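Shared between the two complexes below is chain A, which has chain B as its partner in the first and chain C in the second.
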Partner chain A sequence: MKKQSKEKKYMPEISQKEVQELRKTITTTSQQIITENIKKMKKTDPNRPKAMKYFDEIADFTKREKEIRAAKQEGKKVIGYMCLFAPIELILAADAIPVRVNSGWYDASKLGDRIVPVEVCPMVRSTIGAKMIALSPYLELSDTLISVLTCDGMTKLGEILSDFKPVWTMTIPRVKDTEQSLRLWSEEIKTIKGQIEELTGNKIRGKQLKSAIELTQKATKAFRRLQELRKGPPVIMGRDAMLVNQTYMWDDIERWTEKTEALCDELEERVSQKNWACPPDTPRVMLTGTPMIWPDNWKVPTLVEEANPQGILVADELCSSERLLFDPVGVDEWSMSDMLNAIAERYLMASTCPCFTSEDGNEDRINWLLNKIEEWDIQGVIYYVIRGCMLYAMEYIRVKKVMDSKGVPVYYLDTEYTREDVGQMKTRIEAFLEMLSARIDL
Partner chain B sequence: MITAGLDLGTQSVKAVVIENGKVVSRSKAFSGFDPEKAAEKALDKALKDANLSMSDVGHITATGSGMDMATNSNSTVSMMGADAKAGIHLFPNARTIIDVGAEEARAVKCDENGIMMDFVVNERCAAGAGAFIEAMARALEVELEDMGPLSLKAERASSINASCVIFGESDVVSLIHKQESKPEIARAIFEAMADRVSSMVHRLGVNPDVVLVGGVARDIGFVTSLKRKLGVDILIPEYPEYVGAFGAALVAAKRLKKVQEK
Partner chain C sequence: MMELIGEMLKLTVLAGLTLAGILVILIWKKGLATKVTYLRFLVQVVSMVAVFYLFTYPVWQLIILIVIFILPLLLGRFFCGWICPFALIMDAITLIRKTVKVRYRLLPDKLNKFLHNFRYVLFLVFLIIPFLLFLFDPPSSFDTSFLLAMLLSGPFEPLRILVGPLIPLIVPWEGPLAISGVYFSYPYVQEVILYSEVVFSEFIVNIIAWIFVGLTFVGSFFLRRVWCRFCPTGASIAVLNRFKGFKWAPMLHIDKDEEKCTKCGICKRVCPVQVTEVYEQKAGKITTSMCTLCTRCVEMCPYQDCLKVKMGGKTVFRSRNWLEPSTIE
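Presenting the complex of A and B:
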């Protein structure tokens, strides 16, 4: 591996005083927003499941930050990643901690503007900004970062962050279903395994990898159970389910699984009592598009579920929520090579990210959406795009055509990492929900 | 049955009072810094003109970007919903309703019952809306209401970029420096706006009949350019700026009827 140079390629010098001031202000705002978001979620569903208390705790970064810091002191390594293609099982098998480090802080994106133009994806700008002022506990605690070369923004984000930390790149093929693509990706998986072993000093053996795979399989099972429960009348508000899904990105996976199962137990009981989170005739909405990262970028789900008329999110196709865990790693034989192949296939084939194309375009994404519409009884789709997210923006018309043919209304909602446009977005979301209710009325 | 609709727009508040589907009075007030007060003022005046008092009104529905500020209303409806409702009432064959106001342009697709089927709103920028004409009229030193007739005098249009009010203005300044004629620049302004609005409508599909509402529908310059871009005839009601408030009043009537039936 080539040694990374010490000289900063992108980052400007900022005075420590300024860093500290900004960090203080944005951290305070962040804490307020976490509290406010949870308060709003409780207000929407006053009878919120008791099991959500745990996820509220994890949603406040402090608890998990402390745990990871303590684990680091005992010699554990932390491996951060930006895109979902980073093989979590290999990180776990080497007794390291995986955390996703994408930033959801609006204010941090303004700092990112000092390095990249405003046309760049705000999530990328915000992650850069977060790094400039050491805002994200998980990004700070990461010993290294896995940068998967998916969209243009992510590709350069990894490069920019390499000013601070070792960054391991993984090249992802843009076409999934060819022999050579899988070959390339399998090689990337093997290489990253070697890098993880070298960093942690732990050799990944069959036994450890098997138990790591079993661990994420169990998490997937719990996750799927939760999504299954959302198929029927609304037993949990969409934001609550999204928060559960999202905490998987930084929580202890075993504990997360346990708590999610407990939540599902509680929800099943509620189903049997017909104890719904909101009226069963509330329009059922699915979100698709750019990821929405806690805590700041929570405005769209909040607006939908607080709107007048109200909507409920029952499914999504976001890499920050349901795409995290939808597919398990499927292993036939527990040999090392089979396990590695299963991991390679799981991460490549299951993805519906718009960075992929094929003869049929991104057909997997279309199929996912259609399946959700059918099985989760979706009445309307909100297609969410943050400015600068070229790939999602460009796939819209295709999705819209398919939705039109199925008679499912879809609304293209474009926004930025900002709080200022909430009024405008409210108008649009309410008009969309009004349209759905009028249809249901008929 | 008497009901009222309030449209709290970005520039002005419109009030419409209706009785059994027919408009009995309409009134307008500038939104200014206190839209809540403006809404009260507009409604009071409309009621006074019709010799009515608040107690005669069965239900008030508010719409427009400031609808939540109308404390005197009983319910709200989205601007798109109000447009669809009123558009179909005025023109039963309307399937596409375009609304160009001071700071926003939108288009609604509706079915024969006035139920909204789809809608689009312009991107966070006023370049496709009335404020753009105002800013450009300033740059050309022309009265706002003269812009349209002026543009019709042009044989051709200059070329400007209407991606943004500010950049549009600097485009206009450079055309002035190039000594292009005022009519040609005025026409360029409407063409650029119509370009923005028509590409937005095309995303929805141009389903006739097409109805244009909102204050900008009064501008002959814009209407001429939009007709040219869309390639279809455009229907315009007599009081285009009151259509949102009228739609809200119709929604109010429907809601009142529902309550009375119960």
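Presenting the complex of A and C:
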């Protein structure tokens, strides 16, 4: 591996004193926010499932940070990724730990402004900021980063972060269902496999890869079970389910699966007792758009579920939540090449990321939304976009047209990585929910 | 002679039942009752035995031809996917390939489509040749029974070629290979011998026959269901399906739900005959005659209810969240 002594391409000189100070203040607020968010979630649903306790613990980064640190001591490698296109199965097969390193800290995004302009996606700015002051434990602990060149922000984010860590880039084609796209992506998967093998020193063999695939399949199974439970009257608050999904990004996957299954057992019991988390006639809302990353960017789900009238999130189309796990790797024959093909196809073709286009536009995303609306009985869609997220913003009209034809109200909510507009957002969300309740009453 | 046939019958039944028994035990033990692939194997083995019995009837060719031509009207190429003994041989070779973990090859889509259309050429050639022979060498009388006999057993035996893939490994007549009184055969081998005998000596004929067997073995080792891609027998329904007004024809077909599909591409990858329509077509009835209805795609599709096998409007089998165990309807 190349030494990191080269000159910094992007990073400005910041005095260590300033870094320390900023780190201290932001870490303290971050801790406060985690506690506060969990407290709020408990308040909304006083009768919260007991199994959520585990996820609260994992949501507080310190526990998992300690574990990863211990694993690193034993020689395990940690591989961070920024988009969910990174093939987790390969990382697991090489006995490394995959963690997603996107940042949800509002305060850190202001630091990112020193390097990139304000117009850039705040999630990218926040990740840069988090790195500048070493805020995110997972970003700090990862030995290398996989940067998938999806949107413009992500493309440059990898480049900027390469000032600190080795970054492996993966080119993703913008059209997914042509033969040449798949060929390119398969080659990328093979290359990244080689890189992972070189870093970890473990050769990825068929047996390990098979068990890694089975591990994620089991996780998908648990995830799908949870989603099925959300189809009926609300048995779990949307934020709780989102937190469960989100912890998958950094938790130990085997344990995560176990705990999620336990949560589902508890929820099934509640369904039989008709013990609902909120009144069954609460408007059912789906979120779509830019990813929302724990802990800070929890504003919208909190507002929806704490609003008056209350709404409940029963489904979403966020790459930080449901899209993480919705699609399993479907292997036809358990040979190495077919497993790699299956992985390549699962990550490229099943994705509904707006960075793709085709003759029919991003048809898959529309179909996903329509399917969710029908199966999860969605009454309203909140289209969440953070300023600077061009791709999601530009697809809005398309989604709106389809939703209009189906008679499902869509609400475009644009915001920033900031707490300042909470009051205003509250009014907007409440108006939307009021409208939904009125529609239900009619 | 009859005793010998009786002995052979017993042997085949025994072998068939043992195989079926082993499969049942395997399925039961592994809890794989939901896996259609295993069920299909079972059906194939049992139908191979059934085909053997059919061959012992004097009018077997007629019965089988009726089955080949009438069944597809109702079931599409279900026959090809689930009953045909040649398909069983190819699937068995695929199974061997899977255990030695060799990756299969793919034909380019264009070549695959060309082969698919080439079957009609084969089909027509075999049907037209006997009529051409009529023209060159007109028979003295034209009564129908003579015509029928001519078609079935004329110099080129055109319809036997269509029955070709149905030849089970053990045949109740004098097959080309005899081991201790049991006659073995292989799809098309008798026809290959029949035609090459005209030109070559017995020794070379045998070599040609073995080369044919070897080629199909190697072919189906590297390509899944290689013969199904251009088998002229499979054309019977395909011809009808091409005409408007006959689109209803296969009552059994695969149906796709657009909204549930995420275009993950699994259906395209697992298809043994490389049908792309299931993936490419947005929704509705999959009418391509390339599909042998083996239902591998339905089995592997990970989205509940996205793909369905429908029999006359009623769903017989549907794709399911295979991460969860569920039952066949």
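In this section, the second predicted complex is superposed on the first by the 437 of 442 C-alpha atoms of A that agree within 3 Å, B and C clash if a C-alpha of one lies under 4 Å from a C-alpha of the other, contacts with A are read in each partner's own complex, and residues count from 1 in each chain.
The rule is short, and it goes like this: a residue touches a chain if its C-beta (ideal position, glycine included) is under 8 Å from a C-beta of that chain, and two chains touch if they have at least 3 such contacts.
These figures come from a predicted structure and were not determined experimentally.
In the superposition on chain A, A:69 contacts neither chain B nor chain C.
When the two complexes are overlaid on their common chain A, residue A:308 makes contact with chain B while staying clear of chain C. In the superposed pair of complexes, A:224 makes contact with chain C only, with no contact to chain B. With both structures placed on the common chain, the touch criterion links A:8 to neither chain B nor chain C.
Of the two partners chain B and chain C, more residues of chain A are touched by C.
When the two complexes are overlaid on their common chain A, residue A:409 makes contact with chain B while staying clear of chain C. Touch criterion not met for A:43: it reaches neither chain B nor chain C. Of the residues of chain A, not a single one touches chain B in one of the two structures and chain C in the other. The residues of chain A lying in touch with chain C in their complex are 176-177, 182, 206, 217-218, 220-221, 224-225, 326-328, 330, 332-338, 341-342, 345-346, 349-350, 352, 363-364, 367-368, 370-371, 374. By the touch criterion given at the top, residues 98, 101-104, 258-266, 269-270, 300, 302, 321, 323-324 of chain C touch chain A in their complex. Those residues of chain A whose C-beta lies close enough to touch chain B in the complex are 308, 409, 411-412, 414, 421, 423-424, 427-428, 430-432, 434-435, 438-439, 442. The part of chain B that touches chain A in the complex is made up of residues 65, 76-81, 113, 115-121, 123-124.
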